[in-house]
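Next up, some structures in structure tokens.
Across the two complexes that follow, chain A remains constant while its partner is chain B and subsequently chain C.
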Partner chain A sequence: MGTVVEFKNVTYTYPLSEKPAIKNMSFKIEEGKFYGVIGENGSGKTTLCSLVRGFAPDFYKGTLEGEVLVDGKPTTEYGPGELALKFGYVFQNPFNQISGVKDTVFEEVAFGLENFGFDPDEIEQRVTDVMELTDITAIALKNPFELSGGQQQRVALASTIVLKPDILVIDEPTSQLDPEGTESVFKIISEMKNEHKTILLVEHKVDLLAEYADEILVLKDSELIKAGPKQEILSDISLLKKNVQLPQMSILGNELRKLGLPIKNIPITEDQAVDIVKSHLAKGGKS
Partner chain B sequence: MFREKLSAVKENPIAALYPTTKGWIVILYCICVTALSTVKVNGYALYLIPLFLMIPVLFAVSGIWEKFFGFFKSIFIFVAFIFIVQTLLIRSDAVLFRFGFLSIYEDGLQHAIFLCFIILNIAGILLWLFQTTETKEMTYALEKMGMSYKASFVFLSTFQMIEVLGKSSKTIMNAQRARGIETEGNIIVRCKAFFPMIVPLVVSSIMNTEERVLTLECRGFDTKCPKTRLLELKKSGNEAKAIVISVIVTAAVLIGRILLWVL
Partner chain C sequence: MAYITLDHVSFEYPGGFLAVDDISMEIEKGECIAIIGQNGAGKTTTVKMLNGLLRPTKGDVIIGDMNSKDHTIAQMSRNVGYVFQNPDDQIFHSTIYDEVAFGTKVLNKTEQETKKLVDYALEITNLAQYRDVNPFNLPFSIRKFISIAAIIAMDTQVMIFDEPTAGQDLTGNLRLSSILEHLHKEGKTLITISHDMEFVVNNFDRVIVMANKKVVTSGAPSEIFWNFEALEKSMLKQPYVSRLCKTLNLGGNIVTMEETSQAILKAVNAKTVS
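Let's look at the complex of A and B:
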């Protein structure tokens, strides 16, 4: 797998701010992998996404030290709109992602393709397919502003996916959604993973990341304190001391281990926990 | 399948006219209003009154007769207020009526009729245009005439955002009411409630702008390439006839006005 994004000793400070929002960060994002980004509020997760996409420093201005490379080229060297087909970006607030110039969901999803000058027949085909994928066909002729938060977020995802970007940057897409809406958004993201898209997802719901992500990046106080495969990171109980949220199953597994249960690998998902319990029961419940 | 449903099919031949044709009709009508407003009968711009009767006729032949009453109701209070203020406040030597301490002067009545029927005529014709033409149709037609993509976006989003901001203000109003701010009562109470409502509305709109700009950037708004439009605007075939009739009527009005000057 090739590297699609690389941070080389990146430090970024917003204009009028004295403290950097990202400090001396270095890591690589590999093609086709699903990265989960976790950390406390204000730890720099959204800034990280803005740097990956090239919004910072191009749009936000500020000071960038080090380099953010996309396909080996610094983001600062890309022209306006050049990264739009490479990256899909989904923001936290679905309401703000509605263009405000379209009367129907169908037109809203097609808006990006219209901007890139695609053929109308291709637009219709792509929009129809993506509406099917995101389960919004039934609301295709509704006004996007009249939808619920969950439906609006699915429309926002559809509007991004329809451009067929190689990399999806998704910033807390479920923060305003109910469990049902959250589940539907994760199903769509998981479909994207199956299509071998590279995904960078900022999310507080670590239990869902444990299920879907490949790699986890942990941010604290503007620094990358840990990065690696999800099993290794999310089972590291020492992270709790650094106020990093871990999956319920990791905490449970650790507690059971403390009670003397012979758990070799701390589980991070329900399935893993169930397997451990099953194997323990199969042994007659003995330590 | 969905593309066919994007453009509303208009059965009425007048309502189905091409947006720019309707735009020309509005412009020619405004020229007629301007010309007839200068024709005075004993100092009164009385020709504006029969011209205004054209508006309900236009609504009727466009198949939206019932919408005329809605328009009239919404503008009536505004026009009546202007009429009363003009008739009572503009004074001259000639008093027409006297009701106790209130006097209606000739100049006041002349100004009131002039101003009110100009407002009614222009508001009426603009409303006819917007009732028979969707904003997106208008924008697309203007874009075809050479208006920039960015300008058409601003035009279209402004119309949509009025509705969205209206909804947001209601939400904020309910939230402020839940916090104990009185929003109903006399004019002073309403004025006091206005600031706790308008400040969050404006601040949140400004804060959201940044994210909206980035969303547009992500969706290729700034990309330098020819844009596609899914909306198809078709001409009804009656455009030439409509323009010819409008031009003839406007020419007749202008010639009549010039003859009145000359003779």
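Let's look at the complex of A and C:
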């Protein structure tokens, strides 16, 4: 698996802003992996998404130091629209994404394919399939602006994955969804992984990242403070002190440690926690 | 009679979409309540009927001695404050101070009273440092707190928060908890819609479960999150720690982190052969 995106000492400052939104960041994104991006609000997660797909500095302008490489070439050297074919982006606020020029959900989802000039039969097939996958078939003929926040988020996701981009960049797609809807979005995203897509997902719901992601990037105050496999990052209890949310099972593991149970490895998922507790139940406590 | 009563209430949007179907509920003064349920279950429509933003097409909504049928939104909203799900539906001033002061002006408070109320609201939402900032220069999660402060400044007896946990980080959730605790101590009646089951367990005495336009049941978190029939009907899940306790057969209707760690410790120690 190759590196598809690489940040080399990247510092980025928005126009008219004094402080950089991203400070001295270096990391690689490998093809076919699912990356979760976590960290406090205002820590630079959305800016990171804009840099990865070249939207910053191309659209926002501002100052970029260092390099963001996509397939080995700096994003600043790509022509207009070139990166749009490679990256699919799902906005944090679906309202910002929905085109406003289409009257139905079906047409909205088809909009991107139309712009890329696909054959009408193929458009219809792909839109029908993706609406099935994202569970929006029932609202196909509704106006996108008459939907609830949760439904709009699904339409935004469908409009992006229908384009089958190589790399999906998704910014908090579940903030307004109920637990069932959230889980289904995670399942859809991991199905994309099975199709060898690379995924970068900004998300506060760490319990689900523990289940589905491969790697985690942790941002704080515009810096990348930690990056690595999910097991290593999400079991790092010291992150709690830096206001980084950790999975419920990690917190539980830590609580049990505090109570004197010798928990060797902090669990991050329910399955791991079940195994650990069972092994302690088999051994019993201190005599 | 309870302070808030919904008596066989239905709501149909113009065009014939039925969003709430014959629900009844009672809420006492000073209660701290969470409403949970899937997207589309009717939660937002229900709470919008409490402050007169929507009027029931059938049944009665009674707050104190006011039936929403006989009063304007302006009258109802003196008693019931509603924080919108999307802060951008609510915010329209160019500084945070003006935004938060708007409601108090509508209520004809004196300048001195206004200042006191706004300062208090900004303090407990931790926004005092931003008082002269334009709300739209701040991130979504902070704008949510501005919309909350605006309602707190109106000092209504009932306050409704529609999905305040959406998009919040660890610090944001802790701040929300402390705001709710503050207001609860002052005797406010608090109604919060949330999809975050951990937040619900840790902050509310009673939970109302809605599904498919109806109320399924209501009760303490420890009852609700071990009522599998209700959870299945409303497509909801137990909090993570409760799921673990269920798998491990620890029993005792556990819903919090502390109960879970204590129960595990107890079970492990019980296995000890001395």
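Assume the second predicted complex is superposed on the first by the 281 of 287 C-alpha atoms of A that agree within 3 Å, B and C clash if a C-alpha of one lies under 4 Å from a C-alpha of the other, contacts with A are read in each partner's own complex, and residues count from 1 in each chain.
Everything below uses one rule, namely that a residue touches a chain if its C-beta (ideal position, glycine included) is under 8 Å from a C-beta of that chain, and two chains touch if they have at least 3 such contacts.
Here the structure is a predicted model, which means the values were calculated and not measured.
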Touched partner set for A:177, first chain B, second chain C, both or neither: second
Chain B versus chain C as contact partner of A:40, first or second or both or neither: second
First, second, both or neither for A:166, with chain B first and chain C second: neither
First (chain B), second (chain C), both or neither touched by A:93: both
Partner chain(s) touched by A:214 [first = chain B, second = chain C, both, neither]: neither
Which of chain B and chain C A:103 touches, first, second, both or neither: first
Which superposed partner A:65 touches (first chain B, second chain C, both, neither): neither
Where chain A meets both chain C and chain B, residue numbers: 93
Complex interface listing, chain C residues touching chain A: 37-40, 85-86, 139-142, 163, 166-172, 195, 197-198, 235-237, 239-241, 243-244, 247-248, 257-258, 260-262, 264-265, 267-269, 271-274
Interfacial residue positions of chain B with respect to chain A in the complex: 1-3, 5-6, 134, 136, 153, 156-157, 160-161, 163-164, 167, 208, 211-231
Chain A residues within the chain B interface of the complex: 53, 55, 59, 80-81, 84-85, 87-89, 91, 93, 95-97, 99-101, 103-104, 106-107, 110-120, 123-124, 127-128, 140-141, 145, 159-160, 163
Residue ranges of chain A in contact with chain C within the complex: 39-42, 92-93, 148-151, 172, 175-182, 204, 207, 243-245, 247-249, 251-252, 255-256, 259-261, 270, 273-274, 277-278, 280-287
